[in-house]
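Below, subunit A partners subunit B and then partners subunit C, in two separate complexes.
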Partner chain A sequence: MKLKSTLENYLFVLPAVVIFSIFYIYPFSQVFYLGLYEWDGVSAAKQFMGLTNFKEIIFSDPIWWKSMLQAGWMTLVALTFQNILAFLLAWACDREIRFKNWYRLVFFIPPILSEVVVGLVWQWILEGNYGLLNSWLTQVGLSDLTRTWLTDPKTALNCVAIVHSWKGFGWGFLIFLAGLQTIPRELYEAAKVDGANSWYTFTKITIPLMVPVAILVAILTILGTMQAFVLIMAMTGGGPAYHTQVPILRILGSMDGSRYGYACAQGILFGVILVTISFIQYRFSKRSQAKGA
Partner chain B sequence: MKFGRFAILIVFFTGIILSGCGQKNEGASNPSEAKKISLTVWHWMTDRESALQELSKKYEEKTGIKVNFELYAPSDAYAQKVRAAAQGNNLPDIFSVLGEKRDFAAYVKVGHISNLAPFMEANNQEWEKGFFSKALATSEFIEGNSYGVAPGIYGVPIDMTSIMMLYNKDLFKELGLDPERPPVKWEDFLAIGQKIKEAKKQGLVSGWGEIWMIDCIANNFAFNLMGKDKVLLTIRGEVPYTDPDWIRVFTLFKQMQDAGLLYNGLVSMVNKTAEQLFANGKAVFAFNGSWCVNVYQGMNPDLKYGVMFLPRISDKFPVSVWGGAGSSFMVYDKSKNKEGAIKFLQWLSDKEQQMFLAEETRNLPANKGAAGRISPALAEFSKAIEYSTHPRVWGVSEFSQVIEAFDKGIQSIIIGEKTPEQVAQEVQKIKERELAKKKNK
Partner chain C sequence: MKNPLYYKIKSITLNTLIHIFLLTIAVSCLFPLVWMISSSLKTQSTIFSDTSLIPQQMHWENYALAWKEGGFGRYFINSIFYTTAVVIGIIVVASLAAYAFSRFSFPGRNIMFYTFMAAMMIPIPGSFVPLYLLMNKLGLRDTRIGYILCMINVGLSTSIFLLKTFFDKMPRELEDAARIDGCSKFGIWWNVALPLAKPVLAVVVVFNALNVWNEYLLAYLILDNRKLYPLQVALMTFQGEYITKYHLLMAGLTIAALPIIFVYVLMQKYIVKGVTQGAIVG
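Now for the complex of A and B:
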C-alpha cells in the first residue's frame, strides 16, 4: 500500500520532471559540454579544450568584464531610478487621486511596447544632428548641452540605461501597486486615530510592509536588466566601440564569429554570476525579513 | 483501478508531449504526393522577395515544379537559422551561407553543400561560361586551398555587388564643387571636409556601426597603400599590424574625422540609417554597395548622385573595391530533390531570368548576357567589378577576434578615444594571442 502510494506520488511529478529534464537540464548540460570545446557551430569535429574557454573569459577577455560592469551600471540605474520612480507612482496611484485608472494605464504602456520600436524611437529623439532632444535644447537656449548622445562615450551608456528604465518601470509599478493594495486599510485608519501624520504612516507602515515586494521587484530588475540586449541593439548596436556592450551582446558576437564553444562558456559563466547574485539577494532578503519579524 | 487509470493518463500525455520532439517525417505518406516535386529555397533578401516569387510562378508554369521561396530576415537571423538547420540536417533544397569563407568551408566539409563543378563544366562549360568570373570566384575552392576543401564550385551567384563611394550632386553644387568631377586624390577629398564644415553640412554616412563595413573600407585603403600581398601576409601573421603602413591605414580615419568629413554619430550608424540620410540629402558622401541603387530609388527617386572610387592614397598600388558575387545559392547535398534544385538554379541564372532580376531589383546580374540591361547608376558600379576583391577569394581568413578589435579600434579612433598607434598595438596583441593558440592546437 505504501509502495503504491509512493509510486503514485512519483507518477504525479513525472511529467514535470520529464519536461524539465528535456527542456532545461539536457540543454544546460549540452551548453556546458560545448563550452569545453572549440567549435564553429557547423563542423562535425569539435576540438576538446578543457577549461581553456572559461580561463580565457576570466583572465584574458577584458571586454567581457567591461560588458559585465556596464550591465551592472545599467542595473544600478534600474534599481534606483526605475524602482524608486515605480514605487512613488504606485504609491500615488494607490491614493484617492483623480484619473488614477487612467494613470495606471499610461504607466503600463512602455513595458508592452516592442523593445525594437522603443529603441528606434529613442534613437531618433537622441540623434545628434536632427534629434528632438537637441532641437528642444537649442530652442530653450541650452545649445551648449547638445551632443551626439548615443555616440559620445560619456553619455551613450547612461542614455541606454535611462531608456531601459523608462521602458521597464511599468512592471515594478504594477507589482508595487498590487503590494500596496494588500496593506490592510485598517492599519492606516488606526494610525490616523492615534495621531500619526502622513510621513509617519508612510515610513512606519507602508515601507516596512512593502519590503518583501521591493525585494521581489529588485530580483526581477537585476535579472531583467543584466540580460537586456534588444533595446541596446536597436539604439547603439553595442557601440560606440565597446561603450554599450553587455554580456548577451558579447555572447551573440562570439556566435557571429563562429565561436560557439566560447559563446557557450560565456553563457555558463554569465548564468553562474546571475544565480550567485540572486542567491545572495535571496539570503539577504531572508535575513531582513527575519530581523523584521 | 484508480491508480491504473491515472498511470495510463500520465503515459498518454507524456507521449503526446514527447511526440513533438520527434524528427519530422520526410517521406510523404501519400504515394501520389511523393511524385510531385516541390523545391524549398530559404533566402533573406527582402528587397528581392517579390521578384523571386514572380520567378517561382514562371518556373511552375514552365515545369510544373513548385518553388517555395521562404524569406527569413534580417541576414544575421537567417544565418543562425541555417546554422541551426544544418545541425539537425533539416536544410532546405536551396539555401545560402552568409559569413566568411571559413564558415562556407565548414558547411562544405561537413557535406551539406553539393559540388556543382561537374554541372558547371558539362557541355563545354556552358553554365560556367555564362557567369562573370568574379561572381563565381566567391563560391569556388581552388586546388590546395587553406581550408582543406576539395576543389570545386559550391554556389550559384544570382547577382553581383561592388561597394563604392557615392556623392550627392546637388550638395556638391551647393559647396561650389563640380558635380561631374568627384575627388580622385586623398588630399582633394580631405579638402572637401573644410567646405562641408563651413557650410554646416554633414559629410560621409555609412553603416560603420556594423563592423563589416568598416572592415571593407579599411581593407580598400590597405590594398591601395600596401598592396594585396602585404595585406595577405598580415592575415597569415607574417606582417604585424604595428607596421607603419597599417598605422597609416588607421590614421586615415583620424584624418577624415579631423577634416570634418564624417557624419556626426557615424560610429553607431546602421547602414539602413545611412541610406535614409543620404537619400534625403542629409549627407554629402555615402559608402555603400550597388544594392543601394534600388534602395535610393525607393526612398527618393529624385536623388541625384554620382558613383566614385575611393580617393587614391598612394600611386604604388591600384584602388580596389570590395565586390564580386552579391548573393549566391547553394544546393543541399542531402536533398532528395538535388537534381531538381540544380536544374532550377540553372534556369534562375539563365540570361532571361537574370535580366528580369536586374530590372526588377536593380542589382548587377551575375550572368554576362544580362549585363546590357542595367541602369546608368548601376553601370557605374559594374565598372568597378574589374577592380573588385573580396575576403572570400583571398584564400586566407583573419581571426574573428582580430577583425572585431580592428574595427572597434577604428571606432575608438574616430571618437577620439585612442590613437592609431594604440589601436595597432592592441590588434597585434590579439593577433599574437590567436596565433599562439593556433600553434598550440
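Now for the complex of A and C:
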C-alpha cells in the first residue's frame, strides 16, 4: 500500500522529470563534454582536443573578443540609459498622478513584442535610403546628419543598443514601480512632518530603500543584454563587417561552420563569465543589505 | 510660510513637467507601431516616397496579399498551433509536478525541485548546440512535436515555481474532504486542486503563451521545412528574400504583433503579476 502510494507520487513528477532530463540536463552536460572535442556533428568520430578549443578562443579569436566587447558596450548603455529612464518613469508613476495606469499600459508594450517585430520595424525606420529618420532629418534641413544608420560602422552598434534599451526599459520600469510601492507611505509622511523637502526624502528614503531592487534590475539587465541577439539579427545581421556581432551570434556562426565542439567551448566560456558577473553582483547586494540593516 | 498660491503653482508646474516627460516616452513607445501599420497600408511605389502617417489611400488588400501570397496565413496558424499545444502541455506537466512537490513527500523530492529551480537561474548560453545535435539524433528535428517538446521544457521551471508557491499557500481542507470521499490522487489534482488554482494558472498561461508566440531561436534551429515555420521565423526569412516588399513585410509584422497587444491589453494584470513574481525568483 505504502509502495503503491510512493510510486503514484513519482508518476506525478515523471513527465516533468523526463522532459527536463532530455531537453535540459542532457544538453547541459553535453556542452562541457563536447567543448573538449572537434566535431562536425555528422561524422562518427569526434576528435579529442583537450583544452585546444578554449586556447583558440582566448588567444586567437579576435572576433570573439570584439563581439564580447560589443555586447559589453550594449550592456553599459542598457545599465545607464535604460535603467535610469526606467527608474525616473517609475518614480513619476508612483504618485497621485492622472492616467498613470495608461502610462503603465503603454510602457510595457515594447517588452511584450517579439525581438523580430521590434528589430524589423526599427530596421525600416533607420533604413538608409528611404527610412523615416533620414527623411525627417532632410525635411527639417539637417540632411548633413543623414546616414545609412545600420550599415555605417560608426552608428550601427549604438543604434542597436538604443533600440534594445527602447525594447527593454519597460521591464525595469515595472520592477522599480513594484519596489517603490512597497515603501510605506508613513515614511514619507513622517519625513514631511519633520520638515524634510522632497529632494531630501528622495535621496535619504527612496534611493537607499531602492538599492536592492536596483541591483536586481541590474543583474537582469546584464544577463538579458549580454545574451541578446535576435534583435541584432533582425536589424543588422551582425554587420557591417562584424561591427554588431555579439557572443551568441558567434556561437551560431560556429554551428553554421559545423564546428560544434568549438561552439560549445564558446558557450562554456561565455556562461562562466555571466555566472561570475551575477555572482559578484549578488555578493555586492548582500553586503549592501547587511550595511543597511 | 509662503502663500498657498505658491504651492499650488509649484505643484501644477511639477505635474505638467512630469506629464510631458511621461507623454514623450509613451509616444515613442507607440510611434513605431503606428508607423508599422501606416507602412503596411501603402503600395510598393508609394512606400518609399510617402512619409505621411495616414496614407491617402488605404491599401487594405495588402493584408490579403500577405496572408495568402506571403504565406503569413499558414505561419499564423502554425504559431497558434504551437502556442496552444505548448501551453496545454506546460499546464498539465508543470501542475502535476508542482502539486506533488507541494503535497506529497517522497525520496528525492527536494533534489528534484531544487534542480528545476537552479535551471531557472543559471544561464547556459551554449546548451542549444547539443540540443540541436540531440534533436537530429532523435529524429525530432524538423518536426512539430520536437519543437513543442523543447518549448514545454523552456517554460517548465518557472511554471512549476509559480504553481508550487500557490499550492503551498492553498488550504488543504477541500482536498482532505475529497480524499475521505474516496477520490484518487489524480482525481483530487484534476477536480479539486486545478480548479482552485485558476488565478495562478492564468498567469502561467499568459506568460507562456507570450513566450512561445515570440520565440525565435529554437524554431530557427529546429525547423527547416517552411510549412512548419511559426510567424517569427517566417518574418525573418521574408525580410531576407523580399527586401523591397516593405509594405507586405509590415503587414506581416502587424499580423504577428496585433494578437499579442490584444492579449496584453486584456490580460494586463496577469502579465504584471508574472513579471514582478518572476523577478523576485531571479
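By definition in this document, the second predicted complex is superposed on the first by the 267 of 293 C-alpha atoms of A that agree within 3 Å, B and C clash if a C-alpha of one lies under 4 Å from a C-alpha of the other, contacts with A are read in each partner's own complex, and residues count from 1 in each chain.
What we mean here is this: a contact is a pair of C-beta atoms (placed from the backbone, for glycine too) under 8 Å apart; a residue touches a chain by one contact, two chains touch by 3 or more.
Here the structure is a predicted model, which means the values were calculated and not measured.
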Partner chain in contact with A:8 - subunit B first, subunit C second, else both or neither: both
Touching partner for A:153 - first (subunit B), second (subunit C), both, neither: first
Partner chain(s) touched by A:87 [first = subunit B, second = subunit C, both, neither]: neither
First, second, both or neither for A:251, with subunit B first and subunit C second: second
Partner chain(s) touched by A:54 [first = subunit B, second = subunit C, both, neither]: neither
Which superposed partner A:176 touches (first subunit B, second subunit C, both, neither): neither
Which superposed partner A:43 touches (first subunit B, second subunit C, both, neither): first
Contacts of A:236 with subunit B and subunit C, given as first, second, both or neither: first
Greater subunit A contact set [subunit C / subunit B]: C
Partner chain(s) touched by A:64 [first = subunit B, second = subunit C, both, neither]: neither
Set of subunit A residues, in rising order, touched by both subunit B and subunit C: 8, 15, 19, 22, 41, 129-130, 255
Contact set on subunit C toward subunit A in their complex: 15, 18-19, 21-22, 25-26, 28-30, 32-33, 35-36, 39, 47-49, 51, 92-94, 96-97, 99-101, 104-107, 112, 115-116, 119, 122-134, 136, 149-150, 152-153, 156-157, 160, 185, 189, 210, 213-214, 216-217, 232, 235-236, 239, 246, 249-250, 253, 256-257, 260-261, 264-265, 268, 271-272, 275-276, 279, 282
List of subunit A residues in touch with subunit B within their complex: 4, 7-8, 11, 14-15, 18-19, 22, 40-44, 47, 60, 127-130, 148, 150-153, 156, 236-237, 239-242, 253, 255-259
Touching residues on subunit A, where the partner in the complex is subunit C: 6, 8-10, 12-13, 15-17, 19-20, 22-28, 30-31, 34-35, 41, 85, 88-89, 92-93, 97-99, 102-110, 112-118, 120-125, 129-130, 132, 135-136, 139, 166, 170-171, 174-175, 178, 216, 219-220, 223, 227, 230, 233-234, 247-248, 251, 255, 260, 263-264, 266-268, 270-271, 274-275, 278
Footprint of subunit A on subunit B - complex, ascending: 3, 6-7, 10, 13-14, 17-18, 21, 76, 79-80, 83, 86-87, 99-100, 102-103, 106-107, 109-110, 112, 202, 209-210, 263-268, 270, 282, 400-401, 403-404, 408-409, 411-412, 414-415, 417, 433, 441
